[in-house]
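Some structures are shown below for you to check.
You will see two complexes here that share chain A, one where it goes with chain B and one where it goes with chain C.
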Partner chain A sequence: MVAPYLVHFLVITAFPIIFSMVLTLHRWNLLSPMQWIGATNFSTVFSDPLFWKSLWNTFRFLGIHIPLQVGSALILAVILNQKIQARGFFRAAFFLPVVVSGVVVTILWKQLYSTDTGLLNSLLMSVGLERVEWLTSPAIAMPAIAIMATWKNVGLYVILLLSGLQTIPKQVYEAATLDGAGKISQFFNITIPMLNPILLSVIILSTINGFSLFIEPYVMTGGGPLNSTLSMNLYIYNQGFAFYKMGYAATLGFVLAGIVFAVVLLERRYIESDTT
Partner chain B sequence: MIRAILKGLFYLVLAGAAATFLYPFIWMVLGTLKPEVEIAGLKLWPSTFTLESYRAVFSKIPVGRAFFNSMLVSTLVTASVLLLSSITGYALSRLTFKGRDIIFGLLLFTMMLPFQITLIPMYVLMVKFHWIDTYQALIVPAMVSAFAILIFRQSFKTIPGDLIDSARLDGCGELEILFRIIWPLSKPALITVGILTFVNTWNDVLWPIIVIRDQSMMTMPQMVALYAVGGQAEAQVGNILAAATLLAVPIIIAYLIFQKYFIESMATSGLKG
Partner chain C sequence: MPHPDSRSALPLIRWISLLAGLGLVLSCRPPDRAYQLTYWCATNPFEVEFARQIVDEWNADTTRIPVIFQPVPGGQSSEEVIIAAIVGKTTPDIYSNIWPGVIEQYRDAGAVLDLSQFADFDSVLTSRVPASLRDGFRSPDGGYYQMPWKANPLMLYYNGKLLAEAGVDTLPVTYADFIALAPRLVQDFNGDGHFDTWMLDPNILPKWWERFFDFYTFLIAATDGETLMQDGVVNLDRPETRQVLNFFRENYAAGYFPRSLFQEEIFLLDKLAFKVSGPWLMRHLQRYRPDDYQHYGVTNLPRPTAGEGPVHSYGDPKNIVIFSTTPYPAEAWEFVKFMTSKANDRRLLDITDQLPVRKDLQSDPAFSSYFAERPIMRQFADQLPYTSGTDHSIYLQEIFDILSQEYDAASVYAARPVDEAVANMQRRISKLVAREHIRSAEAQD
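== the complex of A and B ==
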């Protein structure tokens, strides 16, 4: 009865992993025979300016996206955890962008961000501010994508944090109130520490999802302007499927997977030891 | 007094957030019904309603075909995941056999594996199978899901063993037990896996972009994305928004009906994933 899974595992998981390792040691464009080049792909990665650029872009994205997402999700979850009317409506509204395709969200926000006719600039100008070149300025394009990605995903994290908040027993707060602890001190001394396991999964999940940034720059900017929104996944995609450098793209895949793994490990270590 | 102000502030934040999430969608849908010249600008309501944008989309790209492809692929993948993953989930939770723990370990390994590692070799595999531009490329790699197996395993463990033992005594085969006794008792797990698989398959775009080049085989997200990026929409914002709306609407309708299940399912996948 486990045969379907085993066959699937061997063909769709095990074989590709091994084949991918083989690919990293070769130069191959799919058509001509594979050419053994040893570890050249790996040394190329480290001297490839576009690799470093895409790595920097991805970290820039994460550096804005994760704090923004965790912060706003925490605020909304804490408010929703009060005695609030129509909680179901708010939950449902926050969650709507989560279920909708990233393609839809990206197309929609490309219009909102449009410099001349976009809704955001119209709003800015109606209150007397200057237009912002959301997607055409190299300095702003990636932050703009990070804001959009937060808008799309934050609802999921609100729900996760809300379910975490609801597991904190009321008695703990009551005891703290009796001891004279104010609301703000309760938030930092009770809520945050007791939420730590969920907060950690929320941060790790945001990180893993953030590293898979692809369709947003693909549709919105094509990686530009001046490669300022070229994410690592988009770069792998370009190397593999625009230039057909299979060996190099596979190598980039391994390097990225290693980086994701290292970052998650660091987060796990740092955030858990931070509070316990 | 302070309490009342705080409460007011809370509702203000919530209402502001709700507007931030809902308004762009409303603007998008109404935008598809406006004449092109009215889309830019702050006015929300169209002066006259027109279906011109939709007509243009249908005449420029085979969006009906893409819709059919997406429905077909999402339905088949979901059916297959429910069937095959629940069979393996049953074996792992209810049968004892050699190597069971190894298989469980493989499952956890598969779930943690970043897709960037298998993306390139999977594409090569599809080329070697001559599956580029076929339904097989879109369906077969997604037919079994490690995550679904784990959900089923967890859920099937809670079913009382007596039920299964007495069914065995009555001469039921293992598959009969699974579909006649366990499935009816595991509706929440089936719904969770069903919704997640369908929505993820419907929305997936990276894999289709890689293995499908022929326009008649494209799924909705891919076709709409390429339509928005490429020149076919001729910079007509209304057309692009109409294509995006066609892509979004089936999931939004399903979400409005099964909202509670959507939120629960996706929260489950978030915590376990």
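== the complex of A and C ==
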């Protein structure tokens, strides 16, 4: 009975992981035979300035994206949990970008963000504001990408939070109202604590999604300007599929996996300790 | 106890299972290679049409080995698809449109045939390819792993309408001429302090291949045709590299080049005075500006100083290879010769507006009517003998990535002094080249 699962596990999961581990100890360009180089790839990682740059960029993205993602999803979920008109329409509308191809969304936003011909700058300039170099300024490009990624994914987290909101018993709010608690007090003292398990999931999912940042910089900026949007995944892709350094790309992949694991563990411990 | 019907069905199920298993085993066997050649061409519709016509003509002669063709399967880039095919041992026999920059990787892997093994290769090569270009296609081991086929020399297009409106009647020859023209050609229509028309729009994405269309082409022009290395030594720490970087830096700083990413073709929209491109752009201009495309013209790239002699440029060559997996190398070579015959080179011109790499392109009557009908193409044909390709290195993509990063920092964003960028280019690329030398030495041992 376990054979199908075992075959699936061995072929789809175990083999690629083991093969990648083997790759980390080799130099391989796909075409020539693998060459054993021991731990050289690992020592190269830590002395590679672009690795540190891409790591910093990824954390910078997460630093903007996660609060923005969780905050906007929470606000929208609370609004959509009220008895407002066309609630079903809005729920579907916010979810729509999630199911649209990432490349399509990215190309659309690239046009919106265009410095000289983009809609956003036209709007800014029509109200007398200075135009913004959304994708061509090293300081602004990554926040611009974070805003786009937030817009793209917010619908998924709204649905998750909405399901959490709907499990909070109404009697709790009624009791709090009787005790004289206002709406804001209820939000911070009832809604947030009772949503904690879902919030934990949202934060962890946003973190993991954030670490996998690739399509947006690949299509919109190519990692520029001045490598300011070079994410870890884009860097790994470049090493593997532009320069065919498979061993080094695999090593970077393992380092990234380790970092994701550590960050998610920290988040989980922090939020769980906060809850208890 | 099994149902009687199911018991009677058991032998049938067994037979079906046996046959299915046999079918599976047979389908897993490598198929016997039919007596035919597979040819992959580029995906653009003009080249597909060219491939269709030559394959039809070849196959009409039933004494020849049959050829089947298909556009290179879809992927991020044709290079990625070819690499995947080499790894998976599913390469075709022949592939056209190969970029010479990847030949060394394929040669290193033993994936492509040395065409000089064919007895008549030298005579075919010398009778067809201009002497000035031949060495550029020869690998460091002395072999030819590619048949030079076509080129798309990059030149400077200009929008004659914009130039006329600005009263410009002299085209720029030097960097100083170019920059002096800029204040007359760039315009700020809405008075917001930003230009709405520009001189040139190099793509600012830091992708390595984009540098062929700006920095590298200008460097070739500035150095009268030299590439990045001379005799295997990196030669970037030179005044010309600084001049090219400074030229772009000055134009970006003044706003003459837009630091913007456009989705639309602004040259077609009269927002750009000049554009660096190959002959293929002319076809787009004719298609999208059918009424007034005649005002677009072509001239040489500007150089740091006027200089003497012809202006060189990047040739953007694409060639033909025969993969070493072919069971029919001699027949494949015959097909390559057929593809590059005079008649088919004329066909290539007619269908694709891309230039065959031929030394008699302007002198042979077979091509004269084409150039008589399209005088602008004659300028590209004039440029052809004065083009350069790329250096031979298995690390060429990485080398151009380094160029791209330093160019981005020094010229586009002026975030790094030009001298520092040049020193970085020289040091980082030299390191890669040294690694390649060590690798070659190890392979020989």
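Going forward, the second predicted complex is superposed on the first by the 271 of 276 C-alpha atoms of A that agree within 3 Å, B and C clash if a C-alpha of one lies under 4 Å from a C-alpha of the other, contacts with A are read in each partner's own complex, and residues count from 1 in each chain.
FYI, a contact is a pair of C-beta atoms (placed from the backbone, for glycine too) under 8 Å apart; a residue touches a chain by one contact, two chains touch by 3 or more.
Please read all numbers here as calculations on a predicted model, not as lab measurements.
**Q** With the two structures laid over each other on chain A, which partner does A:Trp36 touch: chain B (first), chain C (second), both, or neither?
**A** Neither: A:Trp36 stays clear of chain B and chain C.
**Q** Just checking: does A:Tyr270 make contact with chain B only, chain C only, both, or neither of them? Give me first, second, both or neither.
**A** Neither chain B nor chain C is touched by A:Tyr270.
**Q** For A:Phe214 in the superposed arrangement: first (chain B), second (chain C), both or neither?
**A** first
**Q** Which holds for A:Phe241: it touches chain B only (first), chain C only (second), both, or neither?
**A** A:Phe241 sits against chain B and chain C alike.
**Q** Return first, second, both or neither, reflecting whether A:Phe188 touches chain B, chain C, both chains, or no partner chain.
**A** Neither partner.
**Q** Who does A:Gly224 touch here: chain B (first), chain C (second), both, or neither?
**A** Second partner only, chain C.
**Q** In the superposed arrangement, does A:Thr136 touch chain B (first), chain C (second), both or neither?
**A** Second partner only.
**Q** According to the contact criterion defined above, which of chain B and chain C contacts more residues of chain A?
**A** B
**Q** Going by the contact rule set out at the top, does A:Gln111 touch chain B (first), chain C (second), both, or neither?
**A** In the superposed model, A:Gln111 contacts both chain B and chain C.
**Q** Which chain A residues are contacted by chain C in one complex and by chain B in the other?
**A** Correct list for chain A: 30, 107, 110-111, 114, 116-117, 222, 241.
**Q** Where on chain B does chain A make contact in their complex?
**A** Contact set of chain B toward chain A: 7, 10-11, 13-14, 17-18, 20-22, 24-25, 27-28, 31, 39-42, 84-85, 87-88, 90-92, 95, 97, 103, 106-107, 110, 113-125, 127, 141, 143-144, 146, 149, 174, 199, 202-203, 205-206, 209-210, 220-221, 224-225, 228-229, 237, 240-241, 243-245, 247-248, 251-252, 255, 259, 262-263, 266-267, 270-271, 273.
**Q** Show which residues of chain A lie in contact with chain B when the two form their complex.
**A** That would be residues 1-2, 4-6, 8-9, 11-13, 15-17, 19-20, 23, 30, 75-76, 79-80, 82, 84, 89-104, 106-112, 114, 116-119, 122-123, 126, 151, 155-157, 159-160, 163, 198, 201, 205, 208, 211-212, 214-215, 218-219, 222, 233, 236-237, 240-241, 246, 249-250, 252-254, 256-257, 260-261 of chain A.
**Q** Please give the residue numbers of chain C that touch chain A in the complex, ascending.
**A** Chain C residues touching chain A: 76, 80, 83, 86-87, 105-106, 108-109, 111, 192, 194, 196, 204-208, 258-264, 394-395, 397-398, 401, 405, 408-409, 412-413, 415.
**Q** Going by the contact rule at the top, pick out the chain A residues touching chain C in the complex.
**A** 29-32, 107, 110-111, 114-117, 125, 131, 133, 135-136, 138, 220-227, 238, 241-244
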